[in-house]
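Following this line, the structures themselves.
You will see two complexes here that share chain A, one where it goes with chain B and one where it goes with chain C.
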Partner chain A sequence: MALSFTRIFDNDWVGPGLVSLAAIIGISIFQPSFLSPFNIFVLLSAIAVNMVIALGQLVIIGIGQMNLALGAFGGLVAISFVAVMELYGVPPFVAVIIGFAIGTLAGGASGFVIARTGISAFIITLAGLQIFKGINLGITEAQPFYGVPQSVKDFGNLSMLGPIPWLVLPMLIASIGMWYLFTRLRIGRYILAIGGNRTAAELSGINVTATVIWAHAISGLLAATAGMMLVARLQIGQPTIGDDWLISSFAAPVIGGAVLAGGHVSVAGTFFGVVIIAIITQALVLFAIDPFVVQIVLGGLILWAVGINRLRELRVAKLNERA
Partner chain B sequence: MKSVAKITAALLLGAVACSPALADPGTKVALVPGGPHPYFAAWEQAGKDAMKDFNLGAGDYRVPQKWELAQQSTLLESLLTQGYNSFLIFPGDAVGTNATVSEIVDNGGQAIATAGCLKDPTPALFCLGTDTGNSAYLGTKELIKAMGGKGRIAHFTGFLVDPNTQLRIDAVQKAADETNGDVTVVQVIADIDAPQPAEEKINAYLAAHAADVDGIVTTAWVPAVTAANSLRKIGDKRIKMVGIDHDEVVLQAIKDGFVNGTMLQNPYGQGYLGSYVLDKLRTGCTLKADAPWKSNALTAKFVDSGTVFVDAATADTYVDAMRGITKTLLANFEKDFMACK
Partner chain C sequence: MTDATSNILDEATPEHRRGSGLMRLALSNEFGLALLIALAFGIFAMTLPGFTSPFSLFTIGRQIGIDTMIGLAMMAVIVTGGLDLSVGAIGVCAAMVFGYLAQIAGVPLPLAIPLAIAFGSVLGFINGYVVVRSGVHSFIITLASMSIFFGIMIFLTQAQSFNALPLAVPAMGKLRVGGPISILLIITLVVCAALSIFYRYTTLGRQMLAAGANARAAELSGIRTGRIIIACHMLTGGLAALAGLMLTARTGAAVPSMAGHLGQDWLLPAFLAPVLGGTLLSGGRVSVIGTLLGAAFVTIMTSGLLLMRVGEFWILACLGLMLLLAVLADRLRHQVLRARGMI
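Now for the complex of A and B:
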């Protein structure tokens, strides 16, 4: 009995999943409109974008590094995506390909410098943050691009089925893709092996340089996806897209059980981490929390969610010992 | 003979430097916002125009990469070392930016707090900006009028670190209080002058409470754009809205009937007039102590750069209205606020 309990609760996603469920039930009791179709649509739209952002950081956490330039990649792709459509009349499909290319190249270049120079990813991505944000401001001069085609606007604002927005589609593709990468593909296992013990991975014949470049290129691709999703959602190419991604991109994977030192990540756990943050953010609005204490309450609730997961881990460890 | 020539040259240079009529190409103006934001885009053209019209040495718009006090301070210090001597600064922090302005003044520079004020005592010459409290108050009054004098208002506003935010919150509340309970401010959502949080929070609010509010007043650029889009999306013309600034999305929503109006500010006028004044003050003019300064919660030396309500009838001609305000300010500023030899 104890063993099966341990097996179920051994999964990283169980803690955040239970917290999410409790939050949904609790808020619905006090605010029945929380489960209205429009609110579900709004919530899923936020979750979809934030999940792709979190996955972009997750792959770098997996390798034991951090990507401070994630938001700068996303912002640059977002404005480039709209700019090529507005200024050069490029069709949306081609603009998406260009966006993917910019994100992947930016991430890959960042990974190349990290892998080749051996300089800390923190430093390189910090420099990348400045460079890519600077390019963004150079292009836009802090002015938004407005020329978003109707088809792109529709993708970000229409529902696929009932209250489920189209934006959920890229999130599903990215999530399944990342789960497949970490569990079924060699590159995913290499990423986790390097994150777990870089020296051991190197000695066992893993090409660390190539793997680091791949991880950062994937991160850039995911940032690009999130940037373009936000353009669709906001219906505007705002130069400030990506500025506020950093904290939540780390918070969701960590709530979901990822080890910041690398080697262990959970796609499902990250999903529930994103759900928790989205629900907390929305609850603060629904319950009219004073704007001057919102940050304190948000920080406290995130700490509480992480604490619940930590308690679960300790409990599982104890049960394992007993078994 | 040589010394006579030197003295003559010195006297001539001195006369030119002291003459209020002649602008000084040595006046190098930097226009520095708190961070990247579309509101300040008009400063760039204003700086260029002022440079050309007043023969300044520079009228350059320089943007910190992020809304962080440290980044803005570093940029200002860097510009000072590059030879800029006159600054129009949107304070990254109402108190914190005073330290950097002191540094500028100690090194022979001068600064005007622009579009947002510094808290007194301040080494800034004065504050030139929208009377944000008054703008929010007038906007809320317009909203209340559109709501028929009663109902429930939600207020969406900007960064909490922006010195103007608290003034706006208080002003909206004041306008509601004057209705003796007929109008109530049911919610203030702040810190959403960035696209993603604005989108998430405003939509979440409308999803849950659209039926519970009769009016929306927005007192920051991005929330105004997002709220206009949201009202269009849910197709709700019952909820009245008064926005702020002149984003295309807001102006189009006014024309289409989803938004009732917007409170325009005058960023171009701030940049243009501010550059002109800085040059005048470098070339012999001084500020009058008994000038008709206004005061607000932060400073006793405030000059209103103008605000105007634009609705569907005036949405196509708002540029003329702002030009008129700038022209009037420029025509009267020297007479009212400066003493020039």
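Now for the complex of A and C:
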């Protein structure tokens, strides 16, 4: 019995899940309006978008790399999405597909360069960040597009069921899809295998080049999804969309127990990581604390999570030694 | 630590070894860069009227000074095979501390400047200490610290600038020495010379290179790599602070947004200059002159393109492309060298 109890605590999502629960209970005692339908709606909208962003980084963390260009992908897709609707009168459904295509291609292209040249993903995606951000600003000249159709605005601001926004739908699809990918699909296992030990993966016959390209294409697809979700929520095509994704996209997976060197990720843990960040950001607003503090808290959360993960690693190593 | 490092920054470039004579020089990064600079400068000087005007040369030189300093700050930590995403945040924090000391506290400049640089080193020490003690890769630690440093700065300053600095500060930004040469460029050149000597002739500098090239071998030969890595981060912090002060002199005010959100705007120049200059991301090799030449090339290209009325946003994309081409050219150069049996 005791053994299974500690096993539960070894799951990545349990710790963050308990912290989320404690935070919700604690804050709602001091501030009952925290659990008002309106506040839940706002909270879920934020969680939905940030979860998709975090998943976009999670897949790259899984393969042992990082994607600094995630926000630049999202921003470029966001403005392209609105631009084709406003300038060419493309129906929203087609515009969404164009957005997916741009994100996937951009991600795939950066994956291709990384895989074929063997240059570190950090440098390639840093270059990608500047290139895609530059194209974004070059097209928009830093001015937003306003021509967002009513149906898109409704998707980002209306509720599906009670306090649950429509935006939760793409988040659910993306989360379940990624969970399925990592646990059931071959490509997901390949990604984690390469992240865990690239040489071993290569020797056991995994096509590393193709897998790296796939991982980056999926990351681009998720960034595109998040970018378009933000357009729906903000109701305009802001060129600044994606500028502030970097820190939170790493914070949530790390809080969720992802190993930065690759090979180990948790979709459920990442979800609770996103929830914790959203709750803290909201709480700062509710208690009228300076919004600038959010940055400090986010940084602190990353350090805290890294520390916890490190302690767990050490404990696992010690247990293995004993066994 | 080394496992995480090699995994995250998977830089497959082999270490440089001694090849032979002239061909090696001709294929060296520095030579190629110098050639490119001469070419770009020549073309711009002939086709763009005003490119060689004294004012244009002055602003180009000043920009080279600042960008080189930012590049050197990153270079000092790349030596260890790590990196520091918080250079921009440290630079701005140090500039704001300087602004407070000089404008509000009335500390005389000869004291405020070293204090601000020391403050940058303290922030660098925090980074280095946490990296060494936790054994976590510097990417994630400095990602967190950039958010924390910047957050604390913006919270304390409430995003307000210090724009009533002593007149000597903006005067410094405008000061010319020997015709069109900015004093800021002179400062950078002095720092370059000092760093070259530091890495080549001092024990600490050589230990930094050794620890970066092969941490275990360095440890076994009696170098306390932990302390060395902390020292590298402190050097980075100090140089970033100096870059922040130079930017303050140019602007004439200490502005919290001068390096963009969280100081992210410094990341490209910070990596572009050392990588163009041939500093290996996997650590163990630096090129101070290369970093200077890299920054010079980027600045000349940017100024030329601006004069050609290419929109500044498209230049951003060009710089990204330049970084990509630089690393690809570096890879190609290695293949040529290897094919000729020089490495």
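Simple rule for what comes next: the second predicted complex is superposed on the first by the 289 of 323 C-alpha atoms of A that agree within 3 Å, B and C clash if a C-alpha of one lies under 4 Å from a C-alpha of the other, contacts with A are read in each partner's own complex, and residues count from 1 in each chain.
Just so we're on the same page, contacts are C-beta pairs under 8 Å (C-beta built on N, C-alpha and C of every residue); 3 or more make two chains touch, one makes a residue touch a chain.
Remember, it's a predicted structure, so these values are computed and weren't measured experimentally.
Peer 1: Identify the partner contact of A:Phe34: answer first if only chain B is touched, second if only chain C is, both if each is, neither if none is.
Peer 2: In the superposition, A:Phe34 touches chain B alone.
Peer 1: Once the shared chain is lined up, is A:Ala142 touching chain B (first), chain C (second), both, or neither of them?
Peer 2: Both partners.
Peer 1: Have a look at where A:Lys133 lands relative to chain B and chain C in the superposition and call it first, second, both or neither.
Peer 2: both
Peer 1: With both complexes overlaid on chain A, does A:Val294 touch chain B (first), chain C (second), both or neither?
Peer 2: Both partners.
Peer 1: Identify the partner contact of A:Thr281: answer first if only chain B is touched, second if only chain C is, both if each is, neither if none is.
Peer 2: Only chain B is touched by A:Thr281; chain C is not.
Peer 1: According to the stated criteria, A:Gln238 is in contact with first (chain B), second (chain C), both, or neither; which is it?
Peer 2: A:Gln238 contacts chain B only, not chain C.
Peer 1: What residues on chain A does chain C touch that chain B touches too?
Peer 2: Shared contact residues on chain A (touching chain B in one complex, chain C in the other): 130, 133-134, 137, 141-142, 243-244, 292, 294-295.
Peer 1: Provide the residue numbers of chain B that touch chain A in the complex, in ascending order.
Peer 2: Its residues touching chain A are 36-38, 40-41, 44, 63, 65-67, 157, 160, 186-191, 194-197, 199-201, 203-205, 207-209, 222, 225-226, 229, 233-234, 247-249.
Peer 1: Which part of chain C faces chain A closely enough to touch in the complex?
Peer 2: For chain C paired with chain A, touching residues are 3-4, 7-12, 83, 130, 134-137, 139-141, 143-152, 154-155, 158-159, 261-262, 264, 267-268, 271, 275, 281, 311, 313-321, 323-324, 327-328, 331.
Peer 1: Would you mind writing out the residues of chain A in touch with chain B in their complex?
Peer 2: For chain A paired with chain B, touching residues are 31, 33-34, 36, 38-39, 41-43, 45-46, 49, 130, 133-134, 137, 141-144, 146, 157, 230, 233-236, 238-241, 243-244, 278, 281-282, 285-286, 288, 291-292, 294-295.
Peer 1: Please give the residue numbers of chain A that touch chain C in the complex, ascending.
Peer 2: 64-66, 113, 117-124, 126-135, 137-138, 141-142, 195, 198, 243-244, 246-247, 250, 254, 260-262, 290, 292-300, 302-303, 306-307, 310
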